[in-house]
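Note that the chains take the letters A, B, C, D and E in the order they are written out, and that residue 1 is the start of every chain.
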Amino acid sequence: MTVALNELDTRFKYDVANEPGGEHINLCFACGLCTASCPVSDIDQRFNPRRIIRMVLLGMRKEVLSSDMIWFCIQCYSCQAHCPQEVDFSDIVKALREMAVREGYVAPTFVASVREIDVFCQRMRREMVNAVVGSRFEGGEVEPSALARESLSKL
Amino acid sequence: MDTKIAVFLCNCGGAIKNIDFEATRERISKIPGVTSVDLSSGLCFEEGKREMVSRIREEHPDRVVVAGCAPEFSECVFQQVLETAGLSGRSFSAANIREQCSWVHDGDVTGKAVELVKMAVSRVRLLRTLEKKELPVSREVLVVGGGFSAIGTALRLSRIGLPVTIAAVEEVLGATQDGVESFYRCDIDTMKSAVEGDRNIEVLTPARVTSAHGEAGDFAVTIEREGERIRRKYGAIVLATGFTTELSPVSVKGLPVVGGAGSPANIVSQEQLFRMLDNGATARKPETIAFLLDSCDENSRFPTLATLNNAIAARVKWGSEVYVFCKDVKVDSEGAEKLYREARGCGVVFVKCDSAPRLAIDDGRISIEARDVFLGADTIVDCDLLVAEEVLCPPEGTEALADMFNIRLDSRGFYQDENVHLYPVGFEKRGVFCVGGCRGDLEASRMANDIHSVAMMIYGLLSSGVIEAEIERVKADTQKCVACLTCIRVCPHSAIRLSRVDNGKEIAVISDVACDACGICAAICPAKAIVFEGYRDDQVLAQIEAIGES
Amino acid sequence: MKGRVIAFCCEHSAYPAADLAGRLRLHYSESLRIIRVPCAGRVDVIHMLKAFEKGARAVLVLGCEDGACHHITGNTRARERVEQCQVLLDEARLDGRSVAMHNISPNAPQKFVRIADELVNAKEQSREAI
Amino acid sequence: MSTPFREILKKEGFVVTTEVGPEKGSSVSKAIEHIELLKDKVHGLNVTDNQSSVMRYPSLGICLLIKEHGGEPVLQVTCRDRNRMAIQADLLFAHSRGVRNVLCLTGDSVDVGDHKEAKQVFDLDSVQLIHLVHTLNSARDIAGNELSGGTDFCVGTAASPSSDPIEPQLIKVEKKIKAGVDFIQTQAVYELDEIKRFTDFVRNMDEKVRILAGIVPIIGVKMAAYMNENVPGIVIPQRIIDELAEAPKGTGVAKGIEMSARMIRQLKEERVCDGVHIMFIGREERVPEILEAAGLV
Amino acid sequence: MIIAERKPMEEIEESVAEYKKVLVAGCGTCVTVCWAGGEKEVGILASQLRLARGAAGNEIVTLETTVERQCEKEMVTEIKDKVAEADAVLSLACGSGVQTMAELFDDKPVLPAVNTTFIGMPEREGLWVEMCGACGDCFLDRTGGVCPMVRCAKGLLNGPCGGTRKGGMCEIDPDKDCAWVLVHRRLEKQGRLDLMREYVTPKNFRAVRRPGKVQAAKA
């Protein structure tokens, strides 16, 4: 597939830059530290912060805002901590999500669902760690899926 | 009368432990010609040096050997001592019994130490002293070239009190930069008026250097200006002929040669774009502009700066969408990092592609296809204006000047070979220098550095009005030389020429000033006519003879 | 001087490298004798041949690294002469490999020691083989 | 008895010659085979003279055999091995035995042959050799002495129309024509235009000189590459190499024959030159196939 | 200038095999300039002989000298004492020098240590090329100053052979220019190509009938 740059929305990057959090998007020089430090990228390589920024800079508005990927970010701010150009990818994701809602790519309620999932995951994590933390001096085998089932029942 | 040799043994404050100095002294004193052997534990200390001077004054030796540390440290120290004591510095030889004996071997190495001293003694015995002379030099400097670096060098040299001639092929100074000063980031007008008001600077334009010979302090140069031949003497020559650019012949489907006749008007050079942006002389502002960078020439420091400046201006002034296709953005020039950030900040898109972009022209519209490595996909963009990649080239006449001054060019044809010993602005031929763009991919700030270092080197060479030289350190024997020209052809410093000597015979004459004492000529001479004092055949062979005598 | 190895050392490269080896207390064979020359290009074929006539076991010519010769072409000329000398030795039915040219930079004492040791060891082995 | 070559040259028709290469040894059986096979199919049989500086049975010897067998020999004479005295003596002998055609050549350098240490003579060059033959024809030797009987040779020479640069070659051809030649055989050529240009050049100087284009069948891509690389004065165009590359394995020789025949037909039909000289070294027995395919029999 | 090359060591060694004391004699003129027989080469050959013979346990003593011109009897006479001292003389001069020595010291074997190759000029440092064949019948005036007698591999006098390689190189050596292409270029540059069109008659080899002799006009 060849991307025809003239057919893309060259305003997109300026629009993102005008959103709160998206101000520094243009500064990206594609070093890739964001992707390298991202825990989500670690488990799903389709999630690639550098590529998302690249798509924004080239003007791939529809592709980015309709993409599943912008919802995978867990807002851990690891990318932001590593970025040498202060591009602030975590904040850019927030801006992109805002734009996706505003431009009708997702239902506003969807944002609330994602927020719910985030909170639930954190609680789940707390339960699971709680279950094993007692044996932390022995360091026994842990079976996360079994542990999850157990923790889920508690929740 | 036999040569009297004094030997000083030094244990370097006790740092030399595995040599029995008493035994050494005893064995050395038996060498014929050695008239005294002194022991010291700190010869290079003030007290040691004083002691040495007084011993030399007492003993009246003809030659002195110091056995101790590496001559790298001690040679000049002891040569001074000898001169204080009334001997020539050339009467000295060192035996390196510390770095090259005591410290590299275990156990008792007295035997080897004695051998090293014997080698030094056998060499020093054969040394001849040389006369030193101060040769008068011309303090005038010729600067060849008419651009920023030439004018800058002339001004700097004039400021430190050296008279300068500028010879440029252009009609007027600064012709290349005229009207595009800010493109080249130099203030040529101010510099030009400074030259006009400087009585120390003579400007010859349009002028061409047609012949040159001689050596540092004494170059005879012929300059031709409008049919007139000007012959002058110069003490030093500065080549500042700059560079030219060529649009790289990127292969384009349906296009003969980019930049050549018949190529579309919407393919422009950096300088053309700069002028368009500067005077606003474009009917319609281009919506999309593409730049090509470093796809066929890695040496793109200057083109990178031009690209960044022009890209920013195009975004800011015209609001065009700007794409830069490149392998890498090279930001090692002064201020380039800042410009690169500024360019990104204002929306210039850099497409990093791992192979050269493919171009196609259809009905005057240019499309560029390239693989964006970060997107992991091919991209294609149609543009209204393409800024072709520029490759820096040496200007016409570079080779002729190099031949004239006997200097070598680098692999791309610029001045300045890639040899670390030549320093950035010097040549194997003493007294000839180069500054600025003529030595390759340079931008303004580096040119300024060049100008300062050249001025400093020339000041060191000419300011006193004399060059001190040892007379006939390397010399061809009048009787033996058969004028075979071998030495002239091999001398890396072009210090040798054929000359008629007193008896009317033509022989190789080695310049005391230009000679850098490498001895290549002495080794290659098929008639064994060249004598290199200090490294004469008999002096080298005497050391070999002395090895293992004990 | 039976068994000595003579190294002609360029004063811009190998000679300071040898000094540095001393300062670092790196050890090499005691049979090595260094003769300082202003440039490897000064070393003449006859110097090498005479060294062998005097009984040297091996001869080394050490000059600056390629492209970094203080006198531009001195090291390449030295290499040509060493190669010529190898042929002359072979012609005289001596071992041409007893003479070798190496390029070395002044800050490479380890390389200096390695070159010296390699040649000394190689020659020792070949002597045993005979 | 065949028609004298000189008479054939005077007629309007298309002239065809080929070669018989002497063997390296005293046996002539193979040569006789070739003579018998070819003598009635072509107008003249060239016999090479220590070809490629490899010592062989002499050209003159085979020429006499051709006469015996009723063929028309063309004696090749090079300047490499004999001085002016030996060449004259050989020519007198050849003439006395009925050999009437001489091809005057420079000869290869001994460096390419099998006697590399031999002294090469080159007392004369090919232009001087042509002069020499005419001197003998006028019953004198080249020292100016009168002969008890002169000769009556038909004189030919060779030329390389594909040489680069061509100008020095053409100057030499000009000198040869001025010296007097009846025919010129060319080095192997593959481009009609090239032969055309050469023919025009020669006819401009002397329209009586007949031009025989050299034909060397190319039987494989490797041979083409080798010849392009190593045989000076021969340029095999890419289209021939491409055509050969497409030929199925094992059909190289047949393809070479086919292409040569096509070329000969074109030369004849378009009257580009006056004839051809076919050199199929080592495959003389297949020359008739070419002639047949070219419609020359 | 006369160009020579040193003979292979094996050949030289064999020629002096039976002698214990040999005078190695260089010549200070042509062979010095072409790096074959000057003082430097004398030193190298002498040293090499000593090494070779020493290694074989058959020591040789060498004397070394260089005569300014070995082809001059008066100059060679100056070294007669050294010759007297030696069993044989190993001469690094051209054939002319060797013969002059041999004639003067006819009781001593005078042995050649170089092969005299041709009359030439240096193309660059260390590379000499043949220029003249000493034919005694110079016709450089007609060839633009390029001698086809020696610079053409076949010595052709009326133009190139048919074997000129692409770009005008010689049939037998792609590194050498075809002499006739050079002649053509030179004459074309001078607008004298007509000279090349003129027939050159067979060479007069009587011009130098061996042994050659030149008698100068009496002064």
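Basically, a contact is a pair of C-beta atoms (placed from the backbone, for glycine too) under 8 Å apart; a residue touches a chain by one contact, two chains touch by 3 or more.
In this text, all values refer to a predicted model and were calculated from it rather than measured experimentally.
Any chain that touches chain B and also touches chain C is listed here: E. Traced through touching neighbours, the fewest hops from chain A to chain E number 2.
With steps allowed only between chains in touch, the distance from chain A over to chain D comes to 3.
Remark: among chain pairs B-E and D-E, D-E carries the greater number of C-beta contacts.
Chain centres here are Cα means. That of chain C falls 35 Å from that of chain E. One simple way to say how far apart two chains are is to compare their mean CA positions; for chain A and chain C this gives 65 Å. Contact with two or more other chains is made by residues 490 of chain B. Shown for chain A are the residues that touch two or more other chains, of which there are none. Touching two or more other chains at once are residues 40, 43 of chain E.
Here the touching chains pair up as A-B, B-C, B-E, C-E, D-E.
Across the complex, chain E is touched by residues 79-80, 84, 106-109, 111-112, 120, 122-128, 131, 142, 158-160, 163-165, 167-169, 171-172, 174-175, 178-179, 187, 232-233 of chain D.
Note for the complex: chain C touches chain E at residues 44-46, 49-50, 52-53, 88-89, 91-94. Those residues of chain A whose C-beta lies close enough to touch chain B in the complex are 1-6, 10, 13-14, 26-30, 32, 50-51, 54-55, 57-58, 85.
Partner chain C is touched in their complex by these residues of chain E: 8-10, 40, 43-44, 47-52, 54-56.
By the touch criterion stated above, chain C contacts chain B in their complex at residues 1-2, 4, 6, 12, 15-16, 18-23, 25-28, 30, 33-39, 41-44, 46-47, 50-51, 54-56, 64, 67-74, 77, 81.
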